[in-house]
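Reviewing the structure listed below.
Every chain is named by a letter (A, B, C and D) in the order it is written, and numbering of its residues begins at 1.
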Amino acid sequence: MKNERFRKGYRLILVLILMVSVRSVTFAAGQEVKIGAALSMTGAAAAYGATQKNGIQLASDEINAAAGSDGIKIVPLFDDDASVPQQGINVYNKFINADRVALIIGPTLSNTAQVTNRIAQQSGVPVLAISNTAKGITDIGDYIFRDSLTEAVVIPNTIRVAKEKLGIKKVAILYGDDDAFTKGGYDAFKNALSEAGIEILSEMTFAKGDRNFSPQLTQLKSLNPDAIVVSALVEEASGILSQARQLGIPATVPIIGGNGFNSPALIKNAGESAEGVIVGAAWNMTSTNPLNKHFVDAYTNRFGSPPDQFAAQAYAGVYIALEAVKKAGSADNRKAIREAMAQIKDFDTVLGKFSFTAGRDADHTPVVQTVKGGKFVVFGE
Amino acid sequence: MAFLMHFFAVYGNLVNFIGINALMALGLYVTLSAGQLSLGNAAFAGIGGYTAGILTMQFHAPYILSITSGAMLSGIVAVLIGLPVLRLRGVFLAMATLSFGEVVRIAAVNLTITGGAQGLVGIPNKTTTGLIFTVLALTGYFMAKLRQSRIGWSFESIREDEAAAASLGVNTTFYKTVAFTIGAIISGLAGGMYAHLNFIISPGEFGFSAAVQLLIYNIVGGTRIWYGPLLGATLLTALPEVLRGIGVTAGPIRMCVNGIILLLVILFLPNGLISLLSRSSSIAGPRP
Amino acid sequence: MLLEIVGITKTFGGIRALDGVSFSVEKGAIHGLIGPNGAGKTTLINVLSGTAKPMEGRILLEGALIHSLPPYKVAALGIARTFQNIRLFAGMNCVENVIAGQHLKAKRQLLPRLLHLPSANREEREYRDKAMACLKRVGIEHRAAIPAGYLSYGERRRLEIARALALEPRILLLDEPVAGMRRRGIEQVGGLIRSLATQGMTILLIEHNMKFVMELCSRITVLNFGRVITTGAPSEVGRHPQVIEAYLGAEA
Amino acid sequence: MSLLLQQLVNGLFIGSVYGLFAVGYTLVFGVLDILNMAHATVFTLGGLVALWLVEGSGMSIWAAFPLAVLFSGLLGLVLDRVAFAPLRQRSDTYFSGLISSIAMAIIFESAALGLFGAHTVRFPPNTIKTDIWRIEGVTITSLQVEIVLVALILMGALSLFLHRTRTGKAIRAVAESERTARLLGIHVDGIIASTFFVSSALGGAAGILFGLYFDALSPDMGRSIELKGLAVIVLGGMGSIPGAILGGLTFGLSEVLTVAVTGKSNLRDAVAFTVLFAVLLLRPEGLLGRRRAREV
């Protein structure tokens, strides 16, 4: 009697797994390029996954509209890794083996990328990271590329420009220490500051999801630093900016931020307390390069709000992928696409002239911006 | 044969996660079977995972040794935590174990040996599907036999009515600690194996929401028989893939489906889905 | 003298539930404990069984002090009890409830079961037969496979006694075993208690049913407001003025 | 000196918001002995609905606030009807109530994510005119004062409601003992429903004030306050309203001071959970609660 019950339970589980039968219909080769977009649509990074999806969708629609009958069309397959590595792996497996995508764009979070890109590398599927800035992502293997400038490139440039223009000598640091993205930013800031010989008065931390920064900011204010260096995501960043000004930290003490600050949400949420903030980033929202102008206008009237850096790097990623597919002359030969992508040099994108370094990291000029009159402008112009 | 190869290529990792989640669910099951509501088992999995990962990476300990010592350390911590905490009852015990879990997570975020917020990166991928399901089968067998032993009967008595159990000579403090410790050892072992599956473990994976997820596997599956939580873990781990397969758009809808399933089960199937599969009272429990 | 209770005092907040209670129970006797509601009877059983700790006083089992022992150690010394509000294991069936009561008597080691040794099955059959015997003794063996939650009120009372018997105790503390039972049930339980006593078991019986207590008990202790009014044979206690006053009010 | 004073102001301010959130949390526990894990998501939805009223239909905050609080109260009624009432007769009602509230929390959060999107949003800049006062180096904004006032008024109103009105007294009777209350002819199910209404309304109010001051509302904003709220109600004493208020203030102050002294916010959370752990073990009835944790 006992194992009869067990067998019935077992049969149910087996049926369920087999029910998830695999759709292995392959599209006609040649004309259509399947790109797997593994993004975080739920969970902690849902906000960034959402804008990345918009960027990819916009780029694909533009390409498909312009491709006409013979051109190469992009088929973006979106799926949600829920900001969790475990689900990211399942998404990658589905893209690689079931949908047989030509290449993968994403994932949103570096922690997930550390795990999922290993699978892509073993299966020989090119991955184009569009927001991972942590160290070591592209060292996973030669199939892993990245169009998002690492903090190690952006931040030293920001500190250098800030020191030149403002002559800062002593700063305080405030950073989120329980998130890989913000912790990575902090490490980069620390090295850049010591190289530039700037004294660090004190280091204070906050946790992801915090909204109350007044205790930390009150302490930092009492040390009257020349500037406050902040490594945070846009939610925390806008809170820090508005509370800093409310607590009476004068505008003469600028706040310097990393990639996380580079979003219109910063200005919308922090309001005028965002004036004078210095943001080192990989994408200049107001650059007059025609590709970028078109992108910002197209995105704004399609989605109702201006794009952020995540959307820009995702948008550029699709065009880079298309360029690689064109060069490779094949819509599904993964190896050829990888080879072609590695050779991309001075390719015009919304991020500017883009090429891959030997280590397959992004190589284009970073930008240092500031907020003047409620808009991002290049700092020091 | 080709179909199987293709199946495992696409769903191999999913099968591994089902196995690991089932093993972790079994860890909580043991503690629940003695009526102790613990929200700290995800933390024990974390302790097991980090210990095993550190041993393999920094001390180059052999894989089997590192995951067993991870499990043992979780057991020792469980005994130390268990003695004071198990005097508490119901919601208070849940909150004490929850706060223990959060302290462990925060420690993992702050210590350099645990790799801080980034987590432990570079753990060699040693856990195989075969090992996961062998350990799961052995643990299942152990659970079935434990239930028939004096320890199992004591758990069941304490779960039903602790005062009555004591009046029958059951040393309730001792057996509650045993349930808590066996649960921690299994969770620790599962954590160690999980660490060697994914190349990286980060503190976030062992926090409060992970502890709640283990509880949901048990409740949805059913906590009156050891393979209840296995069914719960299998269904809920496979669910996102099923919804993905059916084409349910990614995002909040899947999260909502999870919530609705849990609500329906707790309202209409107090003894979990497993009670559907069998009428016998020991599994389905008395009709309310 | 098997069980001696000396000067036991127990307070809850301001109320002195037990105030210097002293009496002793002879081996093999059926000792009655009566008193109006709130006299402290159940509190006394809780103190005897270790569930509650007394403020002052001592309890001796064959001269050994047991009042500070936890409930499971008191049970190990052979003192079993039932509860006024029947604490059965609702999720188990009747025979399983009794098997749970065999905790101290049945080894049921894990290892032989893990190794599937034949001795384990033999041992299990033996314990099950013993459990069925307990059910038979209280007259509910036909309900063996029914979940405890489905039993009638009288049957639940008897299952609790059966479970206590599984402990093979020396002393059995019965907290209102026949409360709410019909005539036939009361006679059956009375017969059971008498047969247990004849086999050497000592019984402390808390009951409101005066006729039942008077017939069964060789000695009776009367409690009122936590104090012992008297201890003696049923005939003496029946005529004791304070007992009548406590029970029937002052007019007698 | 002004540094310490500033931190005190910061602590008292955030403490009053914690207190308001905790009061609703502990009210349900006091009456039903059940932990309502969906309380934090009502906190979130209250804030997001207020924002939708202000931004969507151009309503002023002073009109939107009561409406959103009412909406949160209705959410409480839904919670009671769907997730708690059906379980009331069950013997394991404490356990299953906790689970069903977790299920509702997941459903509410996914609804927030689905309806309001994942981004962090804020009230339009001039929702409340805030001027900033600097008194001997201590900065206090009028918004802070208004929020603390509203929080205190609501908490005051609650204790008046509980002690002066018929329904309030009935709620306290049910908290003492549901069975006796039923014997006294109290319509227990109705009273429990009103308890959920009041508790969720307060939770929603706390959400709106939190969103107003920190200019940040998102579907998962409840997460950061959920576990802290737990620590507050345990510290204050489960089920005790004054305990929740006192717990909230002490918690707010200790949090601010730990961060100020150590500069590490994670240490602050570690301190919070160690305090929760210690209180549970040493004095489970907390500062002002009734003894319930370990009865047989």
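The working rule: contacts are C-beta pairs under 8 Å (C-beta built on N, C-alpha and C of every residue); 3 or more make two chains touch, one makes a residue touch a chain.
Just so we're clear, the structure is a prediction, and the values are computed from it rather than from any experiment.
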| item | value |
| --- | --- |
| Chains in simultaneous contact with subunit A and subunit D | B |
| Co-neighbours of subunit C and subunit B - touch as defined | none |
| Furthest chain, CA centroid comparison against subunit D | C |
| Chain with minimal offset from the mean of all protein Cα atoms | B |
| Centre distance in Å when subunit A and subunit B are each reduced to the mean of their C-alpha atoms | 33 |
| Whole-Å separation of chain centres (CA-atom averages), subunit C against subunit D | 48 |
| Rounded Å distance, subunit A centre to subunit C centre (Cα mean) | 71 |
| Where subunit A touches two or more other chains at once, by residue number | 41-42, 44, 46, 177-178 |
| Contacts with two or more other chains, residues of subunit B listed in rising order | 109-110, 163, 251-252, 255 |
| For subunit C, residues that touch 2 or more chains besides their own | 51, 90 |
| Chain contact topology (line, ring, star, complete or other) | other |
| Pairwise chain contacts under the document criterion | A-B, A-D, B-C, B-D |
| Residues of subunit B that touch subunit C when the two form their complex | 141-142, 145-146, 148-151, 153-154, 156-157, 159-161, 163-172, 224, 281-282, 285-286 |
| Touching residues (chain side subunit A, partner subunit B) in the complex | 5-6, 8-9, 12-13, 16-17, 19-22, 24, 41-42, 44, 46, 78-80, 82, 84-87, 89-91, 93-94, 96-98, 111, 114-115, 118-119, 134, 136, 177-180, 182-184 |
| In the complex with subunit A, residue positions of subunit B that touch it | 6-7, 9-15, 17, 109-110, 116-119, 121, 198-200, 202-205, 227, 230-231, 234-235, 238, 240-242, 244-245, 250-252, 254-255, 274, 277-278, 280, 283 |
| Residue ranges of subunit D touching subunit B (in the complex, touch as defined) | 29, 33-35, 82-83, 86-87, 89-90, 92, 94-96, 98-100, 102-107, 109-111, 113-114, 227, 230-231, 234, 238, 264, 266-267, 269-270, 273-274, 276-277, 280-281, 284, 293-296 |
| Subunit B contact footprint on subunit C (complex, rising order) | 49-51, 70-72, 75-76, 80-81, 83, 87-93, 96, 99-101, 103-104, 106-110, 113-114, 124, 145, 147-150, 163-164, 166-167 |
